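Take this structure first; my questions come after.
Order of writing sets the chain letters: A, B, C and D. Residues in each chain are counted from 1.
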Amino acid sequence: MKVTVLGGGSTYTPELIKGFIDISSVVMLDEVVLYDIPESSEKLNKVFTLAKRMVEKYGVSIRLKKTFEISDALMDAEYVIFQFRPGFLEGRYRDESIPLKFNLIGQETTGMGGFAAALRAFPIIEKYVDAVARHSNATVINFTNPSGHITEFVLNYLKFERFIGLCNVPINIIRSIADLVGCEMEDIFLKYYGLNHLSFVERVYVKDEDYTQKILGRIDFSPANISLEDFPRWLIDSIGLFPNPYLKYYLFRESALNKMKKKNKTRAEEVMEIEKQLLDIYEDAQDIPDELSKRGGSLYSTAAAHLIRDLKSGYGKVHIVNVRNEGAISNLPDDYVLEIPCYIKGAKPMPISLGKGDEFALAYIHTLKMYERLTIEAYMKKSKKRAIKAILAHPLGPGAEKARELLDTILEENRGWITLNDDF
Amino acid sequence: MKVTVLGGGSTYTPELIKGFIDISSVVMLDEVVLYDIPESSEKLNKVFTLAKRMVEKYGVSIRLKKTFEISDALMDAEYVIFQFRPGFLEGRYRDESIPLKFNLIGQETTGMGGFAAALRAFPIIEKYVDAVARHSNATVINFTNPSGHITEFVLNYLKFERFIGLCNVPINIIRSIADLVGCEMEDIFLKYYGLNHLSFVERVYVKDEDYTQKILGRIDFSPANISLEDFPRWLIDSIGLFPNPYLKYYLFRESALNKMKKKNKTRAEEVMEIEKQLLDIYEDAQDIPDELSKRGGSLYSTAAAHLIRDLKSGYGKVHIVNVRNEGAISNLPDDYVLEIPCYIKGAKPMPISLGKGDEFALAYIHTLKMYERLTIEAYMKKSKKRAIKAILAHPLGPGAEKARELLDTILEENRGWITLNDDF
Amino acid sequence: MKVTVLGGGSTYTPELIKGFIDISSVVMLDEVVLYDIPESSEKLNKVFTLAKRMVEKYGVSIRLKKTFEISDALMDAEYVIFQFRPGFLEGRYRDESIPLKFNLIGQETTGMGGFAAALRAFPIIEKYVDAVARHSNATVINFTNPSGHITEFVLNYLKFERFIGLCNVPINIIRSIADLVGCEMEDIFLKYYGLNHLSFVERVYVKDEDYTQKILGRIDFSPANISLEDFPRWLIDSIGLFPNPYLKYYLFRESALNKMKKKNKTRAEEVMEIEKQLLDIYEDAQDIPDELSKRGGSLYSTAAAHLIRDLKSGYGKVHIVNVRNEGAISNLPDDYVLEIPCYIKGAKPMPISLGKGDEFALAYIHTLKMYERLTIEAYMKKSKKRAIKAILAHPLGPGAEKARELLDTILEENRGWITLNDDF
Amino acid sequence: MKVTVLGGGSTYTPELIKGFIDISSVVMLDEVVLYDIPESSEKLNKVFTLAKRMVEKYGVSIRLKKTFEISDALMDAEYVIFQFRPGFLEGRYRDESIPLKFNLIGQETTGMGGFAAALRAFPIIEKYVDAVARHSNATVINFTNPSGHITEFVLNYLKFERFIGLCNVPINIIRSIADLVGCEMEDIFLKYYGLNHLSFVERVYVKDEDYTQKILGRIDFSPANISLEDFPRWLIDSIGLFPNPYLKYYLFRESALNKMKKKNKTRAEEVMEIEKQLLDIYEDAQDIPDELSKRGGSLYSTAAAHLIRDLKSGYGKVHIVNVRNEGAISNLPDDYVLEIPCYIKGAKPMPISLGKGDEFALAYIHTLKMYERLTIEAYMKKSKKRAIKAILAHPLGPGAEKARELLDTILEENRGWITLNDDF
């Protein structure tokens, strides 16, 4: 089995390598290829050298390669991981700063930041999906953000089927519950559904017991860069759902915005500094350094490695991934790409029927799904008009008063990355 | 045939009487009963006297009655018109003024104004629907606001089927297009869909020709109290739909709010003054006075009278009314109550299949439908928690920061009209 | 407006010409082109000459042409009528005689006769649909049998949208009810649904009144070649639906089969004789001769001409035609092609929502729709295996014991018309 | 945990006891109660005595009880197994012999035999479901035949949700494949769907590999009383699905009927003799005697015991059971009760999304589901008319020529068990 990582030069990669090392006792993993573009060659070299040392240290027989040739990278690959960042951290910086100037939430995946990120990502995703289809029969596991939006694009518009959107939020929620209850992660099953970064936990089962009331609102869940502190007891009580941390941008729009405006650094700038430090540390490290935890992305490599293990082994496990709904939530359309629990057996995740979704969750899911599709259509038609239509449908978008000015600024600042026709 | 008007004391009633007079040449209309509550007896008397004079003047054989007895009013009625206003104009005044204090749109049917209006209306609607079911086999035509929300409540929660929600917006749009094109209203067919006061025209057909491009964005449509001036050319071009005027509250939220704040009188206060004048004029009038046009509600009586005529005659006409979707818009659930074109033949409007709805429209329709249902559930469970959930799902609602304070204010000011349990 | 008739040499054509003459006072009909293949030139000439005389007699300004050139025939046509018979009456003779040898119903459109007819028709339909798409923007009105099956093929597999399947059964049912009640055909609205030649009337409305109980089971409906005498009172009472006459082949399979076996002539042979007589008569006739009524197809031309009139005029009428369900019957899939009432306004018939269909009707509709699709797939894959699969799904098909022998016989006798690969 | 068996006097019970003994090491099983009606007291006593000896022999701590009191039996039960036979083997004898007189398939669960069995079962099922609901919070596992039809009745008409229909066909198919491949049963996942005794295997996965082509048509699957010998290679090739053995009654209707007519004993008569022998043997036996295998029902107890184990333990296993579709087969309605793979975690089996079903399978599934519902409606309305409607919708039912005579015979011979009003 060969696994290829697009965006192999990411500072996350060592964690991923650790994940591969861990599963190599269960599934036969012959080769791991780290691919990146020449612009990232310095990062790739440093990361690759650390990865080599790790493979040696743990004494596993994984063959490690790096390459800048996409056909070499993909040929005969069985799984391909997408973890590249279209537009680099500079792009993220723009996504986090431009909206703030318009008094709007500026976030990597959410709101008008996520909108710009999606438009930067689509052409690059299209190129690499095409390459995967030409050079391999591989299944893609996607971490590139906005992950759910990209999965919608690939499954429903590019019509490429072997594509699974992944995120570390579900596994962190399960981890937190397991810690709280004192059980294994496998004992837990969630009625979990929604869009990536806009999901909801409606029920929690531990073994055969319903733990929902014991858990709802009590857990203090904090992946590295997100905090739930903003969700007070009365709020969880009112909506009756355990929300994805990102929901705070919708529910506490004003306070979240004020907080962002007060910070003197964007998260992108912080991450740039962390990355610099990490790459320095990687030069001498023998294993994943503690500093990586600052980078965020907790359990990200576990999510990916376990998914590959279970796709490959056919053990019959459940993972929460981004795929088409196909009846899992009975009052949402079959073709919506959702983040939902799937039974993993054979090549394709099979969604598990969860019954009806809650109206509150559906209000957000429907709206954002329509926004996602309008944005994809804007990309496919290269149309500014359509892009305006998309942002006017987004709950965190601007009013019509400033929509054109915002779009013009995004396009101006992302020249070379996003191209739309001036079809007004 | 007997037609009963609940809220018969409304200043609109003379226009309705004129509508009945007009259709009486086509359908045999034996009796019209004006019912109201004792609190409105003065209004009812004035309106009834004018109505009597009108029937005489036009020489039609309609028997006119007034009553405060609901069983008398409903017995043997074939059609019942709901046009009462729960909480009177004082309630509307609160709906228009409370939200403004929270920096939110204050509107009769839209936003947090519409939310309070719905909670005031539900118990009264429930009482009268129950009375209709007990005393008659009548079909109800509902004008009470929020009209679409109430129809959702009656059809899907009270499970009373003979209920049609009506509004004068569709007929005014058709009237405006007919004037612009120079054709008959009957020549026009619209791909029109959405919620009441949140609807969209996607295509315009005149006879067998597609007039969409000729019409879209060109029309200057102004029913008495609403203006389309805010929808500039580029905006219509971007969304590719002809929006219901009320959409401005969503798209131009900031400017609409500022405008409202600058006005020194609410619309409720204006209407109170107009009503006072009208009732004075009614005392001596022989027919509908010109002043009624200031009251708004243009073509309202035509909509109602023609609907009754066509339900009764079985001529096979099309009306745009609020009923369950039932496949008309194929990518919306069958059970959503929508404002859509229906073929009228036999007792029940039959929706006409229009194909798929546009994603932009759907973003709004889904969200508001979920809000509608959450509000209805809050009413049915008498739950403050659920009410919070509903307003947090509304795009024009407050953030979680102020949701509880807003709800408390609404409940405080609507004491006696809205009762929810303090279930926190 | 130009209308083209493919299969213009049919003996039905004079009736169609009469239909065009009748509507020419309402819609401007400039040109009618009769197209046929050279093999039918003698028939075409005779029919054309009669048609010319008719146009003269009635003094209308329709330009009449005949041609063997498909591009000439289709260029600039607005409506195209398909009424050709793939395989001629000789094909129909085989369809009516081969199944009988296997102790199965042998019928033009139903059972294994209809199966062979469909496989003969598909390649020819595909050719002409392609020609229509290349040479015109015309809407096709299809009478070629099996009409519903062909419409399923064209809309859902060829993905050609401007195609309406038509049959004279619905108009004859409406005509019969109008005669019985003593009202206009336009006063009647039917909850009518199903497949062509496998449809059901669940409710009958005359003006605004429900006449179902007055009509159900009482009517003695007889189009020229079909009789309802076999449906006794108790049967209609049991199923609670007014069945399409063709349902007798399913419900009275044994007696229908025995009756067929006892006849010493197939219907095809009868029709061959009638056609010969008709063509002789046409040579001297000035108008439609009485003998045409023996040919069957009562009101066929009225159905077609009125449909064209109403598509063109935009008057807003209802016709029962074969189109995609699109929600009309809420418990059948949106994409099933059904025979249902549509509102005709603008270019495309819009199905009218009728609510749920009856389980008894659905049992037949589902099974036959699955058979239709399996047959289409057999044609598209040119696969004998798939053809076996299709006939094993048909309620009037053979058991597995004789399925291969039957298929082999059909293929043998239809050599040159049907080609499937021997993929066993 | 307490498990109650209704129909505890069945000769199957010892096998079930063995199943409970086997799982008692994994789940804590405190008490097993055998309930039966006084008419079966002799059988119950013999079976109970053997069960006691078995529990002792295996040294497990299960408390064993027998009772004729339904409230005692159900009080505090966690799982209830329905395995009673409404009308005893005498009823089955009638089901197998009456249809033969009408030249129709006579079978325990299929065709007109299954029709009579269903009508006998419904009132008794209704009574016991009501008792379960009153006396416990138990989940019912149903083996009473026709098992799928009964589950449709209970879930969709009685609206009792904690009810799972079970059959030994799926586990036998999996067992056979595991034997053929040489793997564990848990390694196998099937795209399996349909109605009970009318199901289809479309794809076979072993671990992560697709074994469909290796398995399809090759397996010689024979549960005790059913043989697949009738499905020749070319037939499986044509339909491309691995059929449930019962499908032979539909596909080889004529030969199956002839075979039945030639047998000099019905299966019911055979089983009566086997039962007599078994009860004699049970008197002295210490464990399940070999003779039980003649009785049929292979692996039946494993299916039930493992389902209870996995419902209770929350290990996350997959079982093929009869529940509502809920999107598992995307082109079948959500509310159809189907036999499909479910993920078992927490109290309720959750169907796993399998994508679209095959048209051939759907033709049968739809028709039989409509027949099932019509039969249930006949029972609920106690209507002979509706019963006629149901049997006319059944592919193995009589033509309209003999439908009433057949129904009259069934009613006559099942007096006391089936009561319908003569509503003609």
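The rule we apply is simple: a residue touches a chain if its C-beta (ideal position, glycine included) is under 8 Å from a C-beta of that chain, and two chains touch if they have at least 3 such contacts.
Treat the numbers as computed from the prediction; the structure is a model and nothing was measured.
Novice: Sort the other chains by how far their Cα centres are from that of subunit C and give me the top one.
Specialist: Taking each chain's C-alpha mean as its centre, the farthest from subunit C is A.
Novice: Calculate how many whole Å lie between the centre of subunit A and the centre of subunit D, each centre taken as the average of the chain's C-alpha atoms.
Specialist: One centre to the other, that is 45 Å.
Novice: What is the distance, in whole Å, between the centres of subunit B and subunit D, each centre taken as the mean of its C-alpha atoms?
Specialist: Roughly 54 Å separates the two chain centres.
Novice: Two or more other chains in contact with one residue: find those residues in subunit C.
Specialist: none
Novice: By the document's touch rule, what are all the touching chain pairs in this structure?
Specialist: Those chain pairs satisfying the definition are A-B, A-D, B-C, C-D.
Novice: Which residues, counting only subunit C, touch subunit D once they are in their complex?
Specialist: By the definition above, subunit C touches subunit D via 234-235, 237-240, 251-255, 331, 333, 359-360, 362-364, 366-367, 370-371, 373-374, 377, 385-386, 388-389, 392-393, 395, 399-401, 404, 424.
Novice: Name, in rising order, each residue of subunit C that touches subunit B in their complex.
Specialist: 186-187, 189, 205-210, 311-314, 316-318, 326-328, 330, 334, 343, 345-347, 350-355
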